[in-house]
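See the structures that follow.
After this come two complexes, each holding chain A, first together with chain B and then together with chain C.
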Partner chain A sequence: MSGQKVTIEFNDRIVRMFLIASIFWGAVGMLAGVFIAAQLNFHILNFDMPWLTFGRLRPLHTNASIFAFVGNMMFAGIYHSTQRLTKARLASDFLSNLHFWGWQLIIVAAAITLPLGFSRGKEYAELIWPINIAVALIWVVFAINFFWTLARRNEKSLYVAIWFYIATIITVAMLYIVNHLSIPTGLLHSYPIFGGVQDALVQWWYGHNAVAFFLTTPILGIMYYYLPKAVERPVYSYRLSVVHFWLLVFIYIWAGPHHLLHTALPDWLQSLGMLFSLMLWAPSWGGMLNGLLTLRGAWDKLRTEPEVKFFVAGVTFYGMATFEGPLLSIKSVNALSHYTDWTIGHVHGGSLGWNAFMAAGLFYWLAPRLWNTKLYSKAAANMHFWLGLFGILLYVASMWVSGPTQGLMLSATAENGTILKYPNFVETLTAIRPMMLTRVLGGALFLTGWFMLAWNIFMTIRSGRAVNGAMEVYQEAPAPAMGLKRTFIDAPFLYSAGIVVFGCAWAFGSDWVSVLSLILLVVVSISAFVHLQVSGASWGEWYEQLLENSLPFTLLVTIAVFVGGVVQIVPLVTVEQDQVVEDRIQIPYTPLELVGRDIYIREGCYNCHSQQIRPFVAEVMRYGDYSRLGESIYDHPYQWGSKRTGPDLARVGGKYNHAWHVRHLENPRSTSEGSNMPAYPWLLTDKAGIDDLPAKIRVQRILGVPYPEMSDEEIYAQYRQQAEKIAGELQGMDIYVEPDREIIALIAYLQGLGKKWEPYAPAAAQAAEKTEVVP
Partner chain B sequence: MANPSENNPSGIPVRPHTYDGIQEYDNRLPNWWLFTLYITIAFSIVYWFYYHISGVGATDEEKLAVALQQVEEARKASAVGDLDDAKLWAMSRDDAVVAAGREVFETNCVACHLASLRGKEESPAAIGPSLVDSEWIHGGNPMDIRNTVSNGVLEKGMPAWGTVLGDQKVAEVVAYILSHHDAPAGN
Partner chain C sequence: MSSRVAFEAWQMVFPPIGFIVFFTLFIWLFVRAVRMKQSSLNHLENLPLEEEITRPVTHGQSE
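Moving on to the complex of A and B:
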């Protein structure tokens, strides 16, 4: 070792801050979860108050759990381990503090705006645009702080944990920005720039990869540092790290459309979503194997160290969830599971089993070291483990029963398949009530365990004193830079690029392009395999050089995560509308309906009601003709939904009369006995906000929704006319509501659902029909 | 870490480089893991070829059309024999049919027409009209009532129950309603 020997003191203060924040927000997020789970059982818990209803609190639960709880946990783990793996103090104390306080401020802003009903109407992307910008900026602060630290590192080579951190930072930035592109209509409201099927695709490209790159890759990185540390054993296989890392970051991005199986999303995208999810199984299990097999020779630690228990159980749940994921992505399985509790169970297997257990392991390991003391109570940590484990099992098992039960009941037919066996949706809800109650119990047990952790860590902190880690390092000259030529013109990259390019050309090319590409694909794959057998060593050297050059490494990660998005999203957002729309095209909402739709979004109706009828007999019988792509093409944001706690609403328009809707929204039990829907009495008394209506319609026009040119007066006149008509019709049924109330707008929107479309023949097809000559 | 290579069952030594004390073995990729990967890739290629290149695989919409066709045939095959006013009146005097009809009514109709069948007459808050008075908005002949139940009157908020309940149950529920009325002479 050459170079000057210096002692560096790590910035562990920021790690302590993130750790405490994560424990706090974890408790908040889980508490919200238990509360909304209870609301599903006891509708009275919605308290008839707008800011306490399920539709507004569920986004609070998901956002708090993902971004506040796991976010802060990730930052604690990344900042702590990166300093040690790079042998460098975090680049900037200022940026670190800005990152911390900026992130907490964002969380507080979210916790205030979500219950107030400010929402973009897209799952896990509900926050309004000013907060979106803050998130993007703070993420950039994080990225600068991280990469700057890498640039100043005293350890040339990047450890596998760092690879995962790099992938996280790059990909989350890309996903977040694209899915949050919006045009503001005012300070607190905006419409996303994508509409209908495009919005659905972009949303789930983001939504699925939030799971991948926010909840999975950073935690895998954390696993790769803290698990070997905790069990004091070498990592099982470096080779497996390399292979599963690259497969994971490349394949994950493609899997998003599995959230849209059997919808109006074009078939080829659905198939890609399903197939890449299947191919994701082995790469995911690579991470699990490297975690579990690292314990070989150290399994005894499972008995003595609570954090090892949490890590092992966490990695096992990761393996379970990443097996269940591909299973649920198979189209025929998804036909049953989609829109049901099965998905909810799957998600919580991952979030409680993997994320929260890894977080607990991390905190139990970190706290004594950050405060230079011993864990206050190992017994309490063990008890936390068993409570948590039992809680997860109750939760997941009840959802495994509830999801398939409801799915089967909803698709069951009777009398030779001519009618539905359970025509009343509420019957299927009643059937799963015991399961929903068991879920509350499981969640409450898990939450109790988390409170024990909070107490245990608090007592640990009290018994110790904050200390910052330090390390003696030799400052070395930086590694020779790896040029672009060396990065790209080498066997591993060229073969990978060849396989991807020819693979895509085979899949999407026509006729001879496809055949030729298939041949080339086989040739490249075989020669890559042979070449690896012959000169694998030189590939290894190339990779090790890459590990000493963070910039080329980051570039390759960026390319790997970029490909899937480009292939899936670009064709759908750039082609002409005629080529996307099949046989129906949406008619734009009237001003009144648009206001009603924004109320629908504000109340979070999409959390429980889908607007997408799948092409299955039972769905067509229950809800009407299956949904066509063109019917929602102008929906900014799309409202296809992902869960049916209540029935689908795609064609609810005209199914009931206005009076029914008033009664139902005022008190759902009055028309649907046994319903667990919250009551919305304020819709009858509150005036609809229409000050920004002209601005909203202007933005819709900019987004390509074919509204005619209208003056503000014309907009308001149309609004009033339709509102008075509905209020008049209600009067005829002895219901007296002022036309300016919110419920009038919402009824206008609901009564239009499924009716706002006209037949559509693409211009190209029309031309072809005209010129076609009958022989 | 004290000489961990001794503990590695496969005898593979650790890699020379350590990261903050963390060492790494370089074990081979497990074969079963590789097979899992290869099988999923091979399946994907075959699946894609079957559905998207060869054109053999049926789409969801094609499958649905076939299934709906079968439902239509089953519906025709099991159609309740021809009904007319007289038969419906006769059913309305049959206790078994009326009991079955009451069950259907109480599950599906009471939300709007109330358990008393009196609807708005009993409570202005009710959505549906009374079914026991002498006034019929959409026709009071048994076959008219059946038609109203079966096809609904969407603009008035009466849903179409025919596809939901099936012809048998529609007939039963009509019989139940008629059982609250006096049959005309001759029936």
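Moving on to the complex of A and C:
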């Protein structure tokens, strides 16, 4: 061993701060979850108060659980393990503190704005644009602190957990920024730059990969570090962990479209999403088995160490959730499961079983070491485990019953498929009520377990004293950097690129391009084989060097995830509009309808109502003609939805009269007996905010929505004219509402759904028609 | 059902391109992982198990 021996003291204070924050926000997120699950059973729990309604609190639950709970847990694990794996203290105490306090401030801002109804209207991406910018900035702070620490490391090799962290940092930044690109209309409101099908695709490219790269890859890194620590033996197969990493990075990013199966999304993208989802089975189960087999010869620790229990159950749930995910991505299965509780059960199998159990294992392992003491009560930790496990099983099993039950009822027909067997949507809701109640019980048990963890960790902290870890290391002269030239101008990389390029050209090129590419493909493949036999050692050297150089490694990961995103999104963004709208094109909303739509988004209606009718017999019979791409092409944001706690609204316009909507929104039970929808009485009394209406329409025009040139006066005149017409029609039904109230705007929007389109013949089709020769 | 989708022509190549890219890189990475040096493997897989010591938080550090 050469070099100077020094003792490095780690910054464990920041780890303690993130740990405590995660426990606190975990309780908040789970409490919100149990509360909104109870609201679905007992509508009275909405209290007729705007900021307590399900539509506003559900985003609070999801954002708190993902970004506040798992986010803080992830930062605790990453900062703690990275310091040990790199044998270096975090690069900057200032950046660490800025990261922590900035993140908490963001969470507080989200917790205030979401119940107040400030929302972008996209799932897990609801936060308004000023908070989006703050998230991006704090993420950059995190990235700088992390990569700076890597640059100062005293351990040459990068352990596989670090790879997972790198992939997380790079990919989340890319996903978050692209999906949150917006044009502000004011200080607290914006419209996303993507609209309709493009917005749907970008959203689920982000939404799916938020699961992949925020809830999965960092936790896998944590698994690869803490599971070996907990059982005191190395990971079962380091080789398998390498394969696991690269496969996940390559495949995950492509699978997003499986959230949009059977919608109006182009079929090639749906197939892409399904195929890559199925391929995910291999790496996910490889990773799960690698985790479980790490316990070889140490299974007895399951009895004695509570954290090992949580880790093992967490990894098992990872396997179960990653089996179920691809299963739900099979188009025929998805036809039944989509929009139902089955998806909710799947998500919670992952979030409670994988994320929260891994968090619990991490905290039970970390707390005694960070405060130099013993865990206060192993018995309480064991009790927490069994309560949590039973809670998850109740939750997931009830959703497994509820989802298929409702899905089957909604698609059931009678009289040889000529009529719906259960025409009233509420019938299907009534059938799943016992399961919805069981879910509340399961969630409450899990929450009780979490409170026990909070108490146990608190008592552990009280019984100990904060300590920082330290390590004696030999500081050596830095190894020569690999450099960009060495990264890319190298035989393995060039041969791989050649095979990919010539393979694609052979498969898809025409005539001589195809023949030439095939010849070149054969030549390159043979050359690669011969070269490998002759220079195998130097190829290996390149790879070994890559493992010790974080910058080139990061670049390759970035390329891998970037390609997956670009391949899906660019064709849709660049394609000529007349190729994607099919036979209909949307008519822009009137000023009044636009205000109504923003109220729809503010109240989070998309959390329970979809606006996308799939091309199935039962759906067309229930909701109307299937949805076309062109009908929502100007929707910024799109509102296709992902769950039907209530019926689809894509063609609700004209189905009921204005009076029905007033009565329904004021008290849903008055028109739909047995409904669990919240009441919205304030819509009848609150004036619609229209000060920023001209700014909103200007932004819509910038985004490509074909509004004609209108002065502010013309916008307001149009608004008043339509509002007074609706108020007048209501008056004719003995309902008196002022034209300037929110409910008038919302009714205008709802009555337009499914009617705001005109026939459209693509330019290519028109040209073909003109040149068609009649035989 | 899926034939109603108006997307035609060149966009259809993406699923097979995805396959080609995926399998090429998978095979290469798989070979690299299998051929990793045993000494590197031993070193890497034992990194989490290295010993550390603890130090009480000094007075300058608030908790």
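By definition in this document, the second predicted complex is superposed on the first by the 714 of 775 C-alpha atoms of A that agree within 3 Å, B and C clash if a C-alpha of one lies under 4 Å from a C-alpha of the other, contacts with A are read in each partner's own complex, and residues count from 1 in each chain.
Just so we're on the same page, a residue touches a chain if its C-beta (ideal position, glycine included) is under 8 Å from a C-beta of that chain, and two chains touch if they have at least 3 such contacts.
Just so it is clear, the structure is predicted and the values come from calculations on it, not from any experiment.
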Open item on the list: Let's test your reading of the overlay: on chain A, do chain B and chain C clash or fit side by side?
Closed with: clash
TODO: Identify the partner contact of A:V235: answer first if only chain B is touched, second if only chain C is, both if each is, neither if none is.
DONE: both
- [ ] Based on the superposed arrangement, let me know which partner A:L85 touches: chain B (first), chain C (second), both, or neither?
- [x] both
- [ ] Quick one: classify A:Y159 as touching chain B (first), chain C (second), both or neither.
- [x] both
Open item on the list: Touch test for A:P423: chain B only (first), chain C only (second), both, or neither?
Closed with: first
- [ ] For A:N372, select first, second, both or neither according to whether it touches chain B, chain C, the two together, or no partner.
- [x] second
- [ ] Please indicate which partner A:V617 is in contact with in the superposed arrangement: first for chain B, second for chain C, both, or neither.
- [x] first
TODO: Return first, second, both or neither, reflecting whether A:P115 touches chain B, chain C, both chains, or no partner chain.
DONE: neither
Open item on the list: Taking the superposition on A as described, I'd like to know which of chain B and chain C A:W281 touches: first, second, both or neither.
Closed with: first
Open item on the list: One more residue to check, A:V500. First (chain B), second (chain C), both or neither?
Closed with: second
Task: Among 55-63, 91-99, 145-153 or 163-171 on chain B, the segment whose C-alpha atoms clash with chain C after superposition - done: 55-63
Open item on the list: If I apply the document's touch criterion, which positions on chain A are contacted by chain B in one structure and by chain C in the other?
Closed with: 84-85, 155, 157, 159-160, 225, 228-229, 232-235, 238-240, 243, 247, 262, 267-268, 271, 275-276, 279, 507, 615
Task: Residues of chain C defined as touching chain A within the complex - done: 1-8, 10-22, 24-26, 28-30, 32-37, 40-41, 43-57, 61, 63
Task: Residues of chain B touching chain A in the complex - done: 1, 4, 7-9, 14-15, 17, 19-30, 33-34, 36-37, 40-41, 43-44, 47-48, 51-53, 59-61, 63-64, 67-68, 70-71, 74-75, 77-78, 107-108, 111-112, 120, 124-125, 127, 154-159, 163-166, 168-169
TODO: Can you check the complex and tell me which residues of chain A touch chain C?
DONE: 9, 13, 16, 81, 84-85, 155, 157, 159-161, 224-226, 228-229, 232-235, 238-240, 242-243, 246-247, 250-251, 254, 262, 264, 266-272, 275-276, 279, 369, 372, 465-472, 492, 496, 499-500, 503-504, 507-508, 536, 540, 543-544, 547, 560, 563, 567-568, 571, 575, 579-582, 615, 629, 762
TODO: Using the touch definition up top, name the residues of chain A that touch chain B in the complex.
DONE: 84-85, 87, 155, 157, 159-160, 225, 228-229, 232-241, 243, 247, 262, 267-268, 271, 275-276, 278-279, 281-283, 285-286, 289, 293, 296-297, 326, 414-420, 423-424, 507, 514, 614-617, 620-621, 626, 654-660, 663, 670-673, 733-734
